[in-house]
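First subunit A sits with subunit B, and in the next complex the same chain sits with subunit C.
Right, the complex of A and B next:
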């Protein structure tokens, strides 16, 4: 098999990819790309996230459309050489040491025994496994096991890695460490597609997110951009001013306002038409009334966006 | 999308033989940690002890040759070899599918067929080693009573059983690989298949179905090598009262056919593109 040694193609590309099992549609007409960046994959259980990951890994074939890794069809030998996959299952070869396991995987990439072992030691050391890398995997904590799984996915220097629920089962400190490592991968030339239920952590590391619901790609982009794509959806704002009661009385008369409450942090206003409400508040502020000190959207995070989109 | 050029990792890979060797080596290391395998190695000397005890008991004691053939055929070739081989095949192939660790292997830039063949080689090596050790233990158990051997102790019997069991292990490995690669509950279906083929193998020579089993060609190969007298022939093949050498047929060809068909079906199942498809789950 001969392939071009370099390619300008995206690291991972879904082009109208669909997957169905008989009459059950798992994924429908999904298109997006992953470049040299971290892309978060968001969706509830059973919406097709794992199917999407397996299509990218080549473990499944699209029923329609195309999935390419570094410009070559997913599942081909060249694609497998360019891909690292950290599956969602916590199973490893328990009787092997961390180094043995990673070195074994590297052998299949054509590395000699000594080089494979040296590379495995280096990768696991970089991941902070330390001397424990020479212990049997069966004795590892969840955080250490996650490092080994990540190590086997990164050791052969892939162009893209797929991380399926990598945060699951980790304690907060291990989560923070892992998030930091994932966020650093694009700096080493590795594109990342990562799925997680821990939305705020995903938001912190992902350059972009892809929202999947009922097998369809619901939205794609930066979280803030996605939030702006939701006209007509109620949005909450926090306002701070010296006289909140007077301000509340003025705002409640606006047709865009659906709900209003005064709290310790200020005035919380839920507006049905965000654009109209923002325009009205801007007018009030420009007129110099109420001395509005703060006017910020609340719930502009990934979880709110996701909940807004899927209802 | 304005992207920097993606440096694809060099596609070196291990090649067919390299992958096969590496898979065999790793599988062997993993299987050597299996406790049942070591328990079996401890059990075999106990069987030899039982054989020694039986050899000294009763008024109509069997000839040493018959006693050894009886134990080595019915216990070793009939029980230990098929069950151990099936178990090791399932551990080596299906164990990774069951706990999903196969995903680590299938995403490497190597073909799956040599991965499967490597595992089969590892199982075959261990199966032949255990079967040979068992044959040796049983031989010692019988040879420790040299007075029971009418024509003197026959060391060549050990060679015969090592040979017959060796061919049997190879065929059983292929059958075990087929069940391990294809079925969700390979031990259950494999066990039914092993028992079924053993029952079929008991049929008289007129039943042509026998030739698609492993046990029957093994027995015919054994009888061909042993050149048994009437009593020993009846001990080894109770349903065939008048054994003649022309009944042997082509046992190696039969074993080869069963093994090859099983191997091809196993490789086809293992190399399917969508091995992880939902119908397995």
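Right, the complex of A and C next:
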């Protein structure tokens, strides 16, 4: 299927796109589109999410089918100008300051030095980096680095941004802040495709999710619709913090918590109502009572979704 | 159709032409040796041979007085060896092309900056980010080349030029200036040309390597290893010219000496052929590794 170039074309469109390396198929016949909305791309590690992202960014060419950004073929100069890419790598240009890095990236889009710097300062200020934007990237926390990565993807005012695993490694507060910023992007005219292997991360921000499994598009729809396939299933989370016992005492009082154990890797908590539990943990972290370093689902229910969809 | 048809929120400022977009990268590459204290120390170390020659000039022309014996010794040496005579092209060419200290200086300079440039970007996935921008692999390579060449030329071209200016100013009359001016252009061009060849070779290796340390090792092996092999081959086959034909370092020296007009008994053709072939081979390898799909796969 080819995509007719019309003025109503979506911001990002996959049309029967396939990608294979020799005899290995990475993606097979994938079709979906992203408008002025947040679309979550979900799948386990190694199922083709990154390949899909790279096809959209023009870093790979589809073996078959078509990928278009803002109505033009992905990878073309016009497509690159209309696209912002936030890779999953955490190693930015450590010797540059946040402003220098974003301004540097802007100059590749054709902005003059002074304009690029001014725009970079404005974008990083909007993202809440504050005076830290003038410090070297090497001194940043993971949350600050993520803001800089997001800043460089948004600074040239793209029509669509690709966010590859943006929540990885962030503490609960930073996750909540980032989720809020991502959810606000469509309101500013930016379409978003955000990938994650953790379904609940996308729940708060994605209008729709696209499930990818073994290189195929398995399902597409609203997160709530997908979740309905798992009524009442408890979820287990792992938390890490310096004061584990105090944290355990606080968590056990929560009505959502069904089971709790302290192990070598941290605190394992099973919650009946995952959404309520996550909100409660975020509140605890935001209140500053506990320095929660890690908060990740163990055996996320995504696997069960896949199993039920695959049959 | 353009993205504007989608209400793409293009910024309202004028965009610079495409050819100027690689300039920030070139500038960054140029500044690499000066971004850390170690880098600055290495750069200063590489300038020591030029400073030594400047000191020799100062003794010879009486700017520094260590007595008549010392001055006489310097004058005697400069009359005996062309490479210590500031009135001859050898003085400037051999500063860079003499195996000692030229080869260690080249290894230090390129090894600390140029060799790791592209490999580092590959390692940190920066290439992935750059290819989604308005810069092409060719623009990227050009930017890295110009930046690296710029910093290398500060030692290989600017330092000899500074020595020439210093020598011209130290002499009481205009004789030094008028007698050396005719060959100055060809000397500087020769040094620039060889610097460009070395930078290109080093960058190609950097583009082909999967990590900065691997790139540095490959580059050192190419420089020192080819010289060692050429020396062995020259000894075994009793053909001294093989040194200049099989060693990257000596082939560069042969090219520079021929272009600068320095007398040499080694033929230019084989050295030129060796360098061109090597450049073509590594260039093709680098181009293959820098293709968008290859660089990010």
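Throughout what follows, the second predicted complex is superposed on the first by the 218 of 311 C-alpha atoms of A that agree within 3 Å, B and C clash if a C-alpha of one lies under 4 Å from a C-alpha of the other, contacts with A are read in each partner's own complex, and residues count from 1 in each chain.
The rule is short, and it goes like this: contacts are C-beta pairs under 8 Å (C-beta built on N, C-alpha and C of every residue); 3 or more make two chains touch, one makes a residue touch a chain.
Here the structure is a predicted model, which is why all the values come from computation and not from measurement.
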Legend entry - Joint occupancy of subunit A by subunit B and subunit C, clash or fit: clash
Inset, instruction - Answer with first, second, both or neither: which of subunit B and subunit C does A:33 touch in the superposed model? - result: first
Inset, instruction - Could you look at A:115 and tell me whether it touches subunit B, subunit C, both or neither (first, second, both, neither)? - result: second
Inset, instruction - Please indicate which partner A:151 is in contact with in the superposed arrangement: first for subunit B, second for subunit C, both, or neither. - result: neither
Inset, instruction - Determine, under the contact definition given at the top, whether A:89 touches first (subunit B), second (subunit C), both, or neither. - result: both
Legend entry - Which of subunit B and subunit C A:266 touches, first, second, both or neither: neither
Inset, instruction - For A:54, decide between first (touching subunit B), second (touching subunit C), both and neither. - result: both
Inset, instruction - Answer with first, second, both or neither: which of subunit B and subunit C does A:70 touch in the superposed model? - result: both
Inset, instruction - Using the touch definition from the top, say if A:11 reaches subunit B (first), subunit C (second), both or neither. - result: both
Inset, instruction - Mind checking 39-47, 57-65 or 165-173? I need the stretch of subunit C that runs into subunit B in the superposition. - result: 39-47
Legend entry - Common interface residues of subunit A - those touching subunit B in one complex and subunit C in the other: 5-7, 9, 11, 21, 54, 57-61, 70-71, 75, 77-78, 80-83, 85, 87, 89, 91-93, 95, 104-105, 107-111, 152, 156-159, 189
Legend entry - Footprint of subunit B on subunit A - complex, ascending: 1, 3-11, 21, 24, 33, 35-36, 54, 57-61, 70-71, 75, 77-78, 80-83, 85, 87, 89, 91-93, 95-96, 104-105, 107-111, 152, 156-159, 189
Inset, instruction - Would you tell me which residues of subunit B are touching subunit A in their complex? - result: 1, 3-14, 19, 22, 26, 30, 33, 99-101, 103-110, 273-279
Legend entry - Interface residues, subunit C side, partner subunit A - complex: 1-3, 5-11, 13-18, 21, 23-25, 28, 35-36, 124-126, 128-135, 292-293, 296-297
Legend entry - subunit C partner contacts - residues on subunit A that touch it in the complex: 5-7, 9, 11, 21, 54, 57-61, 69-72, 75, 77-83, 85, 87, 89, 91-93, 95, 104-105, 107-113, 115, 119, 152, 156-159, 189
